[in-house]
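Quick one: structure below, then a few questions.
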Amino acid sequence: MTNPEISKLGHFGLVSTDLEKSLWFFKEVIGLEETEEADGVHYLRAWGDFEHHTLTLRAGEESRLDHIAWRTKRPEDVDAFAENLQKEGIEINWVEEGTERGQGKAFRFQLPSKHTFEIYFDMEKTLAAPETRSVLKNQTHKSWNRGVSPRRIDHVNLLSSIPANEFSDFMIQHLGFNLREYVEAPDGSYLGAWLSVTPLVHDIAFSFDPHSASTHEVHHISYWLDNAQDLLRAADILKENGIEFKGPGKHGISQAMYIYAIDPGSGVRLEIFTNGYLIFEPDWEPIRWTLDEMSLGFTYWGDQMDNNPENNPTIKA
Amino acid sequence: MTNPEISKLGHFGLVSTDLEKSLWFFKEVIGLEETEEADGVHYLRAWGDFEHHTLTLRAGEESRLDHIAWRTKRPEDVDAFAENLQKEGIEINWVEEGTERGQGKAFRFQLPSKHTFEIYFDMEKTLAAPETRSVLKNQTHKSWNRGVSPRRIDHVNLLSSIPANEFSDFMIQHLGFNLREYVEAPDGSYLGAWLSVTPLVHDIAFSFDPHSASTHEVHHISYWLDNAQDLLRAADILKENGIEFKGPGKHGISQAMYIYAIDPGSGVRLEIFTNGYLIFEPDWEPIRWTLDEMSLGFTYWGDQMDNNPENNPTIKA
Amino acid sequence: MTNPEISKLGHFGLVSTDLEKSLWFFKEVIGLEETEEADGVHYLRAWGDFEHHTLTLRAGEESRLDHIAWRTKRPEDVDAFAENLQKEGIEINWVEEGTERGQGKAFRFQLPSKHTFEIYFDMEKTLAAPETRSVLKNQTHKSWNRGVSPRRIDHVNLLSSIPANEFSDFMIQHLGFNLREYVEAPDGSYLGAWLSVTPLVHDIAFSFDPHSASTHEVHHISYWLDNAQDLLRAADILKENGIEFKGPGKHGISQAMYIYAIDPGSGVRLEIFTNGYLIFEPDWEPIRWTLDEMSLGFTYWGDQMDNNPENNPTIKA
Amino acid sequence: MTNPEISKLGHFGLVSTDLEKSLWFFKEVIGLEETEEADGVHYLRAWGDFEHHTLTLRAGEESRLDHIAWRTKRPEDVDAFAENLQKEGIEINWVEEGTERGQGKAFRFQLPSKHTFEIYFDMEKTLAAPETRSVLKNQTHKSWNRGVSPRRIDHVNLLSSIPANEFSDFMIQHLGFNLREYVEAPDGSYLGAWLSVTPLVHDIAFSFDPHSASTHEVHHISYWLDNAQDLLRAADILKENGIEFKGPGKHGISQAMYIYAIDPGSGVRLEIFTNGYLIFEPDWEPIRWTLDEMSLGFTYWGDQMDNNPENNPTIKA
């Protein structure tokens, strides 16, 4: 039997203390489309996302990233992953088909840090309503409908008081990820790690926060735009809507351009992301950045986040 | 034993009747970097390519695309592919290590159409000279050194009097490619097929040319730019250098933007390419375009190629 | 007494046989803002226009460009222009203050071709409603509210069976315009003329159409975008909304990028325009293009209009 | 007799303590073209500039902006300005024809702050050499030849211990400039003033620096790019060449995007500039920004200059 494999990042499950404001932010300002609303859960996706949803939004008493969902490569990989993880002593919880609209059988489990992952394969590829459907057969919605209008989900960056190498090891060993770039502290631990199962430089990254007492926070979730100019347009839109943000700037690590905006409802940070490089090399040597090089790694040029974590509130994951 | 797999498009081997003019076009106008020259062969690559070369150029009595090279996923896949292909009755020719500079053991074989493929794994990841090396550890050369300055190799599009479905079948069966989009004629044959082993919509495409007597021509080779604006800048550069081109425009199929420029040395068509979508779905349903929809599939908007093949000379592959 | 002077192009008065469709096109697809509606006239402007309106739309039995309005440099220039024109035997018709909302005393007159011009100075600088007002004090509306979202009015291009040099002479002699570029036929007449009172290459252009029996048509009206990338985004929006258009391309004359879109309501052609050069030289020598050079002058590169005027219907002005 | 008028900013005369490094910066990194070198003076211009030079560079013991040249509207305006200024008790110094290559009779004078202005009309419109001449008749050089490749000179920003309103008054009264935007201190003095004789928001700006003992410094000189994306490309080029810079960001005042880069030879700050709005209104009400609004006025979004003037060295003018 072949090893089970992850094919891609699927979606984010977000809980907001101010659902109405979060819906305004993600739907009106960012311009995600709502596939449907059921039982208080709003199922959103970008115009170029192919699945039923890439972000769920619901109300809760504490804003947090409830779960991060990964799609497997084959239907049978869901069971195989469940079995493998349980063998390693990791507890899993099954999520029945339809509990999340559009989604088949899935299970959730926690990383040692208490971040929650969901593993699934089956997901509806719901089309847009005829009046908002693209004239192109390979595109779900019309583009540029509203606001920033990103094309698709891109990646997630988790924050923790646990060094990033522990996450990196877990992702490689249990889920088949590849380490792409990392920042190494003098003691050999990782301050940051960028990993992927796709040619994207990262489907997920982990950032070490020595100032935090929490093991399970989220630094940001991210959606993709096709062009750098679209990011500048996004800055105009965010500013005119009174949204707090950092950037635009360009990372050294990933070579991608960014804006970091805060959802005023949940407080989650959204990275609007574009450009960067792809890794097709099967024998990729992870890029190692030292403490001295870290600053260039984080910011090639442009406006950057405050180094003081107190000025950069995060939410739990 | 696992099946051998292709990881990526590696390089093009191009023969030009006017080597000097082709070198001027690819190095000065397009801005590829020359890694080295040996035995009359010029080894070129884009600033963001990681391998020793993605294009070789040498003089010859007839301009033609000598071979298209594919990198395997694992070192042992080279032998495994050789064995599999020979079992199918396909003749292979070994290329000794170093015959192509930087490249390890490889072999070549012909498609039934007589297009030549090369299969290899080992390739040097030569760095740029210190003075042209990027300040970034994940980037080979400084960007924007000269001319159009594409980031990396992207794909190849082959032309033939053989319907595209025959190529598509071959690529799926023998090399593990996935069909992503296709144009179907009323008789069920394919007028065009776009296939990939990566999340790119195509690493290779095949176009059926009913007007050609030849089974092995090349429609274009392609390099990638990060932003649509860079494509508009490319148009200025091409025009000022007296290069003949079509575009800019946007394809429906792949959703990517294009310029088609002709190398005045070899006559090969180069597609300068950007934007478009990525396929991360493991259960992708190939997008089927009919004759009626073909025009939208080829051109979403913009300047397009003349429909008359006589106005669109191609070279042999 | 100093000669009266024109300071700028003010607005277009457009009559549409299908007002509802024209309103949808200009407000929803293009994204002009409606300042107000009164007596069946809709007063529109772009987010960066400072005046009460730059386009009026009303229903009529024949679609036509009712008038093109020019703002004078000083209040007293309105009377002075009226006097000067009457001295030359040109009939003028006064338009009372408020006949056009926001506008002070004005008059209209016809060019020898029967195109109608309006001359005014006073115009309200109505602010946007607080909820759509920009956070910037120097900007009327929030940008990127809807659709293509151009910044401001740019220019007009009139079409006629009368050679362009006759228009050019009139504009220079009576209204103080400067000739910037022109296409000269072998007989010395002008096939096209681009003139301005501002550093824009043209506030107005005239195109000679030998196939037309009409002296007073309009080739296009035009609005401005800040970036070429915005033009590519406009192409996506137009295509998804089923709007017929040509472009994108880049003119040689003016060095500007264009898309030509047709308002499905009135049939008027709208040029979406960006980039290009400005003329600050006080001793500018008009650029002369010959018949041989005309093609480069019209299209530096990109998708262009059909040369056959039958495929390019125009409306009366 | 009509009042003499300024038509445009002409050029900067820059003296550098490290001429070789300044030439490398302006020619190789920024990509200005050298029209000629004579008597140790290098005459540079951008590819889209129409005059013989818009920047002169020569060696000197102290880096400084030697003079800022303004072109008059008519030939006779040079004498008329000289006469007017002398009547006001301002000393003028004639510069003989040809002292600056390409330039006719001119004179220089000092503002009360000791900044030096030059007034001229006649200037050669030297064409590029045939091999670097654009295929377009309205463009001097091929674009995109090297480096950042700006289109044209844009503006200058002077720094002084004298409040900006004194400069503003001088420019309006003696040279016919229009005040476009200003930042007003609670005591009614101006912290900054932006003025123009063209529809650009500013041909010149003045910044009040309370920390400086000098009345005659230069904050920056500026060149123009057509697209915001070109500014992002400029950031890559500057970073790879080890040039110190701030930005990209977008000003509130002028609505323009910027990068501030330092010439490592002379230490002069160069603003690479794009987008923004034009003022065609003849009755423009200068935009007043208060202390509270100043931060938004300086930076709409993006990376900005350090508020501490000690971190922002300037050179004398």
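Every chain is named by a letter (A, B, C and D) in the order it is written, and numbering of its residues begins at 1.
As a working rule, contacts are C-beta pairs under 8 Å (C-beta built on N, C-alpha and C of every residue); 3 or more make two chains touch, one makes a residue touch a chain.
Bear in mind that the values here come from a model prediction, so they are computed numbers and not experimental data.
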item	value
Chain pair, C-D or B-C, that carries the greater number of C-beta contacts	C-D
Residue-number overlap at the chain A/chain D interface, same or different (half cut)	same
Cα superposition of chain A on its sequence copy chain C - rotation in ° rounded to nearest 5	180
Approximate Å spacing (C-alpha centroids) for the pair chain A, chain C	46
Separation of chain B from chain C, taking each centre as the mean of its C-alpha atoms, in whole Å	45
Where chain C and chain D are represented by their mean Cα positions, the distance between them in whole Å	32
For chain C, residues that touch 2 or more chains besides their own	135, 227-229, 236, 239, 300
Touch-based graph of the chains, sorted into line, ring, star, complete or other	complete
Interface residues, chain B side, partner chain C - complex	227-229, 232, 235-236, 238-239, 245, 247-250, 257, 300-304
Parts of chain A lying in touch with chain C, wherever the complex brings them together	134-135, 142-144, 227, 229-230, 233, 236-237, 239-240, 242
Contact set on chain B toward chain A in their complex	2, 7-8, 48, 50-51, 71-74, 135-139, 151-152, 181, 198-199, 226-229, 252-255, 275, 277-278, 280-282, 287-289, 293, 296-297, 300
